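Common to both upcoming complexes is subunit A, partnered first by subunit B, then by subunit C.
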Partner chain A sequence: MDEYLIVKIAGFSSLQDLGRKTYMSYGISSNGALDTYSYLLGNELVGNSYPQASIEITAFDFMMSSTTDIPICITGAPADLAIEGNPISSEQRVVLPAGKMLSVKKIRDGLRVYIAIGREIDVPQRLGSCSFDAVGMLGERLRNGHKLRLKESKIYYKQICGSPWSIDVCDGCDVDTFRDYLEQFYGTTYTVSTDSNNVGIRLGGKPIVGHKPTEVVSRGVAVGSIQIVPSGNPIILFKGRGGTAGYPIIGVVASADFDLVGQMRPGDEVHFRRISLAEAVKKYKEKFGPLKLASFIK
Partner chain B sequence: MEMETFEIIDCGDSAVLVEVSKVVTEDAWSKIHGLAKALAREKIAGITTIYPTYTTILIVFNCLVTDRAILKKHIRKFIENTSCITNTDAKTGERYRLPVVFGGEWGPDLPFVVEHLGISEEEVIRRFCAGYRKILTFATFCGFLMQGASFEKRIPRCKIPHTKVLGGCVEVAGNKTAFIPVTTSSGWRVIGHCPVKVIDLDSMPPVPYNPGDYIEFFPIREEEQSQYEGKTIYEMKVTS
Partner chain C sequence: MQQIAEPEFRFAGDGGMVVVFGTKITRELYGRIRGFVRAFQTIQPVGIREIVPSYCSVMIYFDVLETTVDEVRQAARQAFYEARPERQQASRVLHVPVCYEGVMAPDMDYVLRATGLKRTELVALHTASPFFVYMTGFTPGFPYMGELPFSIPRRKILRRMVPPGSVGIGASQTGIYTIEGPGEWWLIGRTPLRIFDASRQLPFLLSAGDYVQFETIDIEKYFALREMVENGIYAPVVAVEEVLP
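And then the complex of A and B:
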């Protein structure tokens, strides 16, 4: 079912974004939010990963509701802000509950208030912007009773926890050593040992024995490397690993599944699925790409 | 650089291993430590870790930022175009002498090593302490791996790794020696313990030694440990 913002009293308001960037050579001005900082701050605080259309309210009182719970953040000039008469703070992410009335009244000191919306509003883009242009009549002012459709909320990756775990694995640097054992490894259901921590997750199950060599020249190992120790049991070297390892590595957990490895409980069952590097990268990008904070991952 | 043969091996979706040799040689070690320093100076976008060890460099990258194919091409080109890489930085050649209590609770695997080598405990300790040996690479939390003592046989790692080895332990495996300053798990054979404090996390770098420096161990009795416990690695540096 479609979800909407419903403007009750529009006052003097419009939808704004950063405006049009590249058409000045045709004499078309950028327009956009007149207080760029307040506009961007609201978008940032409400959690948008890129600047979405916000409601710019100029001078006069404004009221709206939403048909769904929606995160908002109000910035700009001081004003009396309330939901159903209960005061709310500016410059904070607030959820406007479905059916409740948001009011912005008595704008003072400055002229404009911005309501950043934590969802994308379905509004026509003209020359790459929804901003109101009174000269070219691009965009439009909001009216009393105006319904603004909200686009589907962003689908985040759904991480499913629970035993038996299925963990995706790419080939490791010693995959050739285990050529004859891959079928066994990927066909075995292992049990997470109680001797597991942030350094290594030890796994019990049918041991892998007979491969040569059982030791290799020590080298740096990536997080998620699955080494086979001489007893034949796999150990997933995890984020606290020691750096070097000298047992051969059968595979490396796909980065997208590190989080699952971090959630496995002692005694849980786990099996591995062999995927290509390209599949692993794709899965990682699908999972972490939408999270803007992912750029901070070390 | 005369690096006629090198391989870039995939290690999962976010790392590659640059390997210049399958066996540990002085030459291979020099090359990769020199190359690692040169690569670090390149500041290639997306690379988060450059970790040289014996004959390989582990390069970890953020696959949201860079692409494996581009990165590998960049590294390959860099190696091929770098005419003269030396490891002079790595050959600092500083010397340190570290005291070690051997055997007993401080070196629970010493009996295994004695039996495996078929020589007396005294002879194992004498050879282990006979002269300076080179640090080859950093390992767990500022620990280091170095050339091993001149034993006749290689020493096998534990069949099942120890889950907890006391910080400061001296360990052996293959033809290498390890010193790990923090308590951790390890698949190596623990033969002794050094009471000297080596890490100072309030200063950077947190340890003074580097690959290319030299360590000589000397044996102390258990009751002598206390007189070294307050000492730091800086006091163990040999200046001559």
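And then the complex of A and C:
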């Protein structure tokens, strides 16, 4: 079912974003929120990962409701803010409950108030922006009774949990010494041992026998390294591992699948799929690229 | 002038690259690896998370959201050509008392059988001259030292709980367990010293480039020293010496 914001009293309001770029030489001005800082602050505080269309209210009182619970954040000039008559704070993320009336009254000291919405509003983009341009007649003002459809909340990458797990793996440093065993390794369904923790996830299954493990001089091992211990069983070295170790490594879990390894339950079944470095990089970027907070992983 | 072959660049998944300089533990390689790390840090490539040097290789962790595997490889290649081997003038030598007896040395018999040495010979060999700390890691501050004149494969079955202070042998390396935890090396003794203690102002007693001179003590002395260590009144014996490699 579609969900909407419903403007009851529009006053003198419009939808705004950062405005139009690169069309100046065609005579199109940028327009956009007239108080960029307040506009961006609201979007940031409401938790948007990129700047969404906000409601810019100029001078006059404004009222709206929503057909669904929706996070909002109000910024800009001081004003009387309330939901169903109960005062709310500006510059804080607040949930506007479905069917309740939000009011912005008595704007003072400054001229404009911004309501950042924690969902994307389905509004036409004209030359890359929804902002109102009174000269070029792009975008539009809000009217009393205006219904603004909310887009489905967007999850870019749906992580699916559950046994049997399929985990993507890149070749490890010692893959050459396992050449004759790769078919077996990638063809085996392993079981997650109860004897697993944040240091290592032990896997039971058909051990890799006959492999003559050459002693490897202790060296750095990446998170997700799958080492084959002398018993022939694989252990996935995980985030609590020591930075160095000496057993040979058949493969390294693709970074995009670390999260799945972190979710596997003892007793679950798991098999591995061999992928190229380029595929692993692509998968990781697809998964984490859209997450703004991913920049903090580094 | 001798031409040094370019190292091998091997990827360890999409977040790590191993630069392999060789396969043998040597001081020459140590100097080259430290020189490489310094050159790489000087270049300051973007998107690098951490650099972990070890005996024969360097692990470089990176973030593909900020860099590409080709850029990392390119920076590493540049660092290789710009690097100058690190040469050490003088070194810290930490004196580490070790009890090589009884319960403190649970794998002594195995090691003697595997090497054909007598106990006195093994202890003499382990205490004869300082061991060089090539790297630290595995557990916090665990010193990887070399090199023994023999090599024995690591344990086939991991020991679940190794007491802290245990002195172990793995392949041709020797090391000191710093915390209680699992281990795969053969245990030939135990020191009352705490190589790692997060509550100390200097949590790590050893870092790469230091030396360790092991000294044999009996079990009474072990407990006496341990009490001093626990009461915080034991001052580790450290000398700054010129040690020839």
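We adopt the following convention: the second predicted complex is superposed on the first by the 272 of 298 C-alpha atoms of A that agree within 3 Å, B and C clash if a C-alpha of one lies under 4 Å from a C-alpha of the other, contacts with A are read in each partner's own complex, and residues count from 1 in each chain.
Throughout what follows, a contact is a pair of C-beta atoms (placed from the backbone, for glycine too) under 8 Å apart; a residue touches a chain by one contact, two chains touch by 3 or more.
Computed from a prediction, not measured in an experiment: that's the story for all the values here.
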item	value
Touched partner set for A:Ile9, first subunit B, second subunit C, both or neither	neither
Which superposed partner A:Val221 touches (first subunit B, second subunit C, both, neither)	both
Contacts of A:Ala294 with subunit B and subunit C, given as first, second, both or neither	both
Touching partner for A:Leu182 - first (subunit B), second (subunit C), both, neither	neither
Partner chain in contact with A:Val95 - subunit B first, subunit C second, else both or neither	neither
Set intersection of subunit A contacts, subunit C complex versus subunit B complex	170-173, 215, 217-225, 229-231, 242-244, 246, 249, 252-255, 277, 280-281, 284-285, 288-289, 294-295, 297-298
List of subunit A residues in touch with subunit C within their complex	170-173, 215, 217-225, 229-231, 242-246, 249, 252-256, 277, 280-281, 284-285, 288-289, 294-295, 297-298
Subunit A to subunit B touching residues, read off their complex	170-173, 195, 199-200, 215, 217-225, 229-231, 235, 242-244, 246-247, 249, 251-255, 277, 280-281, 284-285, 288-289, 294-295, 297-298
Parts of subunit B lying in touch with subunit A, wherever the complex brings them together	9-15, 17, 19, 22-24, 48-49, 51-58, 60, 62-65, 68, 137-141, 143, 145, 156-157, 159-161, 163, 173-174, 176, 180, 184-187
Residues of subunit C that touch subunit A when the two form their complex	10-16, 18, 20, 23-25, 47, 49, 52-59, 61, 63-66, 68-69, 135, 137-139, 142, 144, 151, 153-154, 156-158, 170-171, 173, 184
